[in-house]
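Multiple structures are listed underneath, in structure tokens.
One chain, chain A, links the two complexes that follow: it is found with chain B in the first and with chain C in the second.
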Partner chain A sequence: MAVCIGVIAKENYPLYIRCAPNVENEVNFHFTVHTSLDVIEEKVASLGKSTSISTTDLREFYLGQLYPSEDYRIYGYVTNTKVKFVIVVEAANTQLRDNEVRSMFRRLHNAYTDVICNPFHVPGDKIKSKSFDSVASSMIVPERKKENPLVI
Partner chain B sequence: MENKATLTYSFSESGDENLFLTLSTRLCDTLSNQTVEWRQTYGRASHQFQLKVKILPLATALLERTDLVTRPYFHIFWTDCNDLDQYRSTIRTEISSWVNTLKNYKDTEWMIVVVAGDILSRLTKAKLPIPRMSIPDKVKSDFCSKNPERLHILHDPTKETTKSTESWTALGLKVANQTVRCMEVVVSKYEERVRAERERRNEKSWDFCSYLILQEELAFMYEMLGMFSPALVQYDELDAMFTQYVLNANAGDIAHWLSRFSEPIKHWHSMLLWKRIDGDARRSILEGQASIIDIRNYLFTRLCHLLFETGKLTEITQRMHIFLHSLSTEIAILEITVPSGAIDCWVFMCCLELVGALCRKSQLQNETDNTATDNPCFDMSNEQLVLENASLWNIARLKLYSLGELCGLMPGIVTTSAHLQIVVDLLAGMGEGEERGDVATSPALVLREALSSKNNFQKQYFELSELAMGTFKHMGHFRAVRCIGNDMAEFYLKLGEPAQAENYLIDTVRMYEADGWPLLLAKANKMLARCYKKMINIRKYLRLCYSLMCDEMISQEERIFYCDEFKSLSTDLGDDTLALNIHPLASVTSIQFIPAETSLRLNSNHHIVVTINSNAPKPMTFQSLQISLDHLGPDDGIEPHNIPDVISLSSFFSRTSEDEADVKSLLSRNFSHNSSAYNSLQPFRRHKRYASTTSSREFMSNQPAEINDEGRIDLIHFQHSKPSKFPASISLHAQRDLQDGALAWAGITCRHANDLLRRQDSSQSQVDKHRSTMSVTMETYECCLTTRQVTLNPGMNRVKLNAKTDLEGYFTLQQLRMSLHKTSFVLPRIYPLVSYQVSYLQPKVFMDHNEDLISGIVQHINIAVNKGDYVNPDQESNSTLSFKTPPSVRLLCVTKCSVATPDEDVSEIEKPSLVTSSDETSINLPSTSLHATVLLKIACLCLTTPYVQKLDVRKRHRRTHSAPPATFSRSPKSAQTQTHC
Partner chain C sequence: MQEDATNVLFELLHDELISYVYSNDIDMKSKQISILESHGFRIGQSLAEQLTKDSSRFKDELEIMKFVCRDFWSAMYQKQVDNLRTNHQGVYVLQDNCFKLLKRISSGKQYLEFAPRFLAIPCGFVRGALANLGINSIVTAEVISMPAVKFQIMIQRV
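Take a look at the complex of A and B:
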């Protein structure tokens, strides 16, 4: 399961970022999610080129793994309204399969749709919905402490 | 060296060896032009390829080989014998012993080639055809009776005749097909063996390393045949198998052979992509000495090699990240002891090795682009490749950084002997950087040099960072660039070169500001603040301290720290001053008039209360709080003296003329000027003024706001600092008419319209915009409201100021500033317009009596005296009211005297006495509070005259009203308030 979930607006500012509760340095996840926007933009641009106008609506939301780092794997998902979801998974979490990540994104997307459907929610505002929060936190697991290689 | 399938040749001893060697070479050439089909079992697709072979003389050592690559698959026996006797005597025995030798070894095919020379045919033709068997027939009957295919007659091999060519082609086809069929059989059997071995994997004696060597043979075989995909599959299977074992170990199921890998790792050589096969690694695997690093290195090197062969660069780039990052996880799972830093060394070297290999390949591709050769075409554009290189450089940079930290090579750290020991240990483990001929320096050498001294380390780190940054920038990955820039800045700060760090940090701040990531912005700002502090750039440092102390994204302790820094450094600006926008420190929410009116009288005692919501982390005391005023006085084109005329004509005068003289009605009349006259005249002037002092082009009403019942006006706050990328908010505005309260207009506006609709390319950058809101245009503060020593606590504060009423005119509150030493926090514009008016009221005397005074009887005259805003400068003396009366009218005495305050409280006071001189009667007016009205009732008597005194009330009133102020002079002696009767 994820250690960090981010929702980013069309204009690339964060709508919602939640990290695992035991994360020491939350700002590092912000860095990670922010940097992943580069790859998302690139992937979306290349998708836009390859598909014709009629098929853009049918395109795949799931972008797959964005870029690997030593400790984390980062997955991306872009809705038709260019709202981006980013899930950060620990690299040590080897059990997670690709389609599980997909289903996590689908659940997030549904929860986000519910938030947007709320007439009291101003689009573009930060997400403060409790139900969205509970969906997101159900996907988050505490970060395992990285075991440093033993030193002679 | 490229592997080739092995074929052997033997020949009859009597024959010409040179001829057979030539024939063998020609056969090789023929075969290499022959396309053959590789049929695979289990319905797998067949593969077409050209068989490349080498032909060696038959040797027992060759026959005894059991591996797939070097074993011989086909044997040829050459003979050019054309003499039956010779055949019978020697050749036959030779062939038979040759066949017998081969029979001992399974899975081989052979063929006897009889070279039919020109002489032979000529001879046979010349003689009469004798029914006797030819050599080929004899050979066929002796050795190939069951399988005639094993005999081939090669006609005129050295001549270029049709017959010769045909027989060569037939020979090539035969040899190729039979070799391949033989190979198919061998490989399929070998596959069976591998499969069986794999099934044994749970047995105790099974070992991964030996299995690897076994299965790898298949890969070599496929590679030799040019079938890269099946070869890749072999390595993929091995790789996946190893990974699965490690994962199982994580789940608790540790394979017995894995325990051998848990010994401490002593070597962390890089993989070597410039060799086709890493012989050393393979040897250590064979000998069972390999560590997990060796196995990973070896497998990835082979995979890479095969992928390069097929041009699948995408695969390589995908796999390399897994390769680089999974090792540390696996080492952790297997609980292998590794010296700290060893993995970093390994990753660093692997990255450089990969970059080198990718660069070589892309160069190769570029070179071959024009001259279409048979090199594989890469499935990746050069740009993507460059991007991958950049990400590798970035990983290498990170690893080098952590190595630098570990080995005490970071600036500002003293390298100790412990650090040196670590370096020595690490260098010992990564092996010697071997010479590579044409290839540039090996990664091991690069790392050795980087770890050798601080300077080299810095040089290498900057080089890698610049490379990565440059490439990312080129590819438009600006966020990644900023991330690296951040690290570079951090490094420069440690190095004590804050000026170098500044540019990187400014770029970073801009990026995060533009993208709207508050937490990252706060972090970048903190670094920039540190940078400015080191540069001793107090002005910029103060600005950052200011924005940081109000930043809610950082902790309260840090905010207090920056607040204290600000306070202590705000005195150090020298002669300079620093004006900052009051946002985000505080927001001025409302302005309240106490009492609740905006039409003030000269010198009246009024207060203006400003409500300020402070966001500061702790209470802050400012030396002063000032509100600058825009003052439009009587000299500014609006003549207060003229305006009352208009007013008196329209409202005041007409009413008084109709009403009966009554004290109440007198009091109820508004002594002050109606402010609407000013309002109607002034907006244009003021609007111009605002347009010049504020840069805002947003919608604004130039009508002053109206106060509510409590005298309060809520201010509207413009948030300039919001990046324009944010969604627009649309607000509803309505304006009511001042006079009758009817709706004047209503509409929707978007306050950010200008920002949103501005052209992106030609507009100023986000940061400039930010700066412009930080720096503000200051008003002159020549005319202002001031209060000293104001302490603002976090949260709501009310600050009371005395309204300026010592000047007549119209005051508009323009700007608010709070001063702290050399710095000031400015609310650049108070909006909506808040204004008040100070008016000077003329002294007034009203007389009221019956229309006709009748002679002979005592009658009463009511007189109301209002000093207006006139202040007698000589406080000691009293004012005197003088009457000039005709001789026939005599004022007798004051019968009643009362004072009415502006609140209409009427209180009676002691009656003053009349002082009568020769031609005038005067009354010493009692001293009253400001703006109070003295009401006098005077008894008067008209002496007997033949006619009734008629008084023109209107005229008199008018005159009274319009009497110049000088008539109410300060000296009691000369005071003459003339009431003409």
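Take a look at the complex of A and C:
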């Protein structure tokens, strides 16, 4: 499960970012989510060209793993309305399957649609919905404490 | 049958919204159309989000237009647009020969002067949906003889 979930508007400003409650440096996650936007943009642009590698799911919202870093894996998802979802998973969490990530995005997308269809929500505002919050927090697990790598 | 009931409710609500905006004579004259249009815009935005949830990614502008003509129109009016034309320079014309919200009002030129108020919200729907899908546009409607309507969409490129 995720340690950080981000929702980015089509104009590339954050609508919602939530991290696991025990992370030490939350700003780092904000940074990770924002740097992933470049990769997302690149991927979406390459999807537009039909001549690129002929994978079957060129037209899917789910972009797969964006890039690996030492401690985390970052997954991306872009809707037709160009809203981006980013999920950060700990690299140590190896039992998480691609399909599970996909269904997490799916649930987030559904929850996001409900937020947009709420007449009290102003489109473009930060997401303050409690129901969205509870969906997102159900996917977040606390970060594992890093073990001291020097212990043998 | 339940489907039919919701459609009737939508029509009633739509008509009631119009008569409410027009009955309220406190300093709203000349703004009524834009009030209705902005309501439509907000609804169109939500609908675009909702209806594109399960479709695949749109490749280009024309695909978005096809989405509006097919899926969007069937969701709102239980039929598809009858004709879509474009000059390939950012102008699209959507023709509906039997527009649902005018069908019950008249067939012909009777009450033609009231047509604009019944088309403000639908114009907003289209503009809102397109805006959420990343296309800024101006949408106008033209009625020569009810219940046929031509919606003209002019894409605003920056």
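By definition in this document, the second predicted complex is superposed on the first by the 142 of 152 C-alpha atoms of A that agree within 3 Å, B and C clash if a C-alpha of one lies under 4 Å from a C-alpha of the other, contacts with A are read in each partner's own complex, and residues count from 1 in each chain.
To be clear about the criterion, a residue touches a chain if its C-beta (ideal position, glycine included) is under 8 Å from a C-beta of that chain, and two chains touch if they have at least 3 such contacts.
Note that the structure is a prediction, hence the values are computed from the model and not measured.
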Chain B versus chain C as contact partner of A:T81, first or second or both or neither: second
Chain B versus chain C, judged by how many residues of chain A each one touches: B
Partner chain(s) touched by A:N22 [first = chain B, second = chain C, both, neither]: neither
Which superposed partner A:S103 touches (first chain B, second chain C, both, neither): neither
A:P14 touches, of chain B and chain C: first, second, both or neither? first
First (chain B), second (chain C), both or neither touched by A:S46: neither
Which superposed partner A:S137 touches (first chain B, second chain C, both, neither): neither
Touched partner set for A:I116, first chain B, second chain C, both or neither: second
Contacts of A:E60 with chain B and chain C, given as first, second, both or neither: second
Those residues of chain A which chain B touches in one complex and chain C touches in the other: 123
Of chain A, residues touching chain C in the complex: 10, 47-48, 50, 58-61, 78-82, 109-110, 112-113, 116-117, 119, 123
Chain B residues touching chain A - in the complex, by the definition given at the top: 247, 250, 264, 321-322, 324-326, 328-329, 331-332, 335-340, 342-343, 391, 395, 472, 476-480, 483, 512, 515-517, 519-520, 523, 723, 725-727
Complex contacts: residues of chain C adjacent to chain A: 42, 45-46, 48-50, 52-53, 55-59, 132-134
Interfacial residue positions of chain A with respect to chain B in the complex: 11-14, 26-27, 30-31, 34-35, 37-39, 42, 67-70, 91-92, 94, 123-124, 146-152
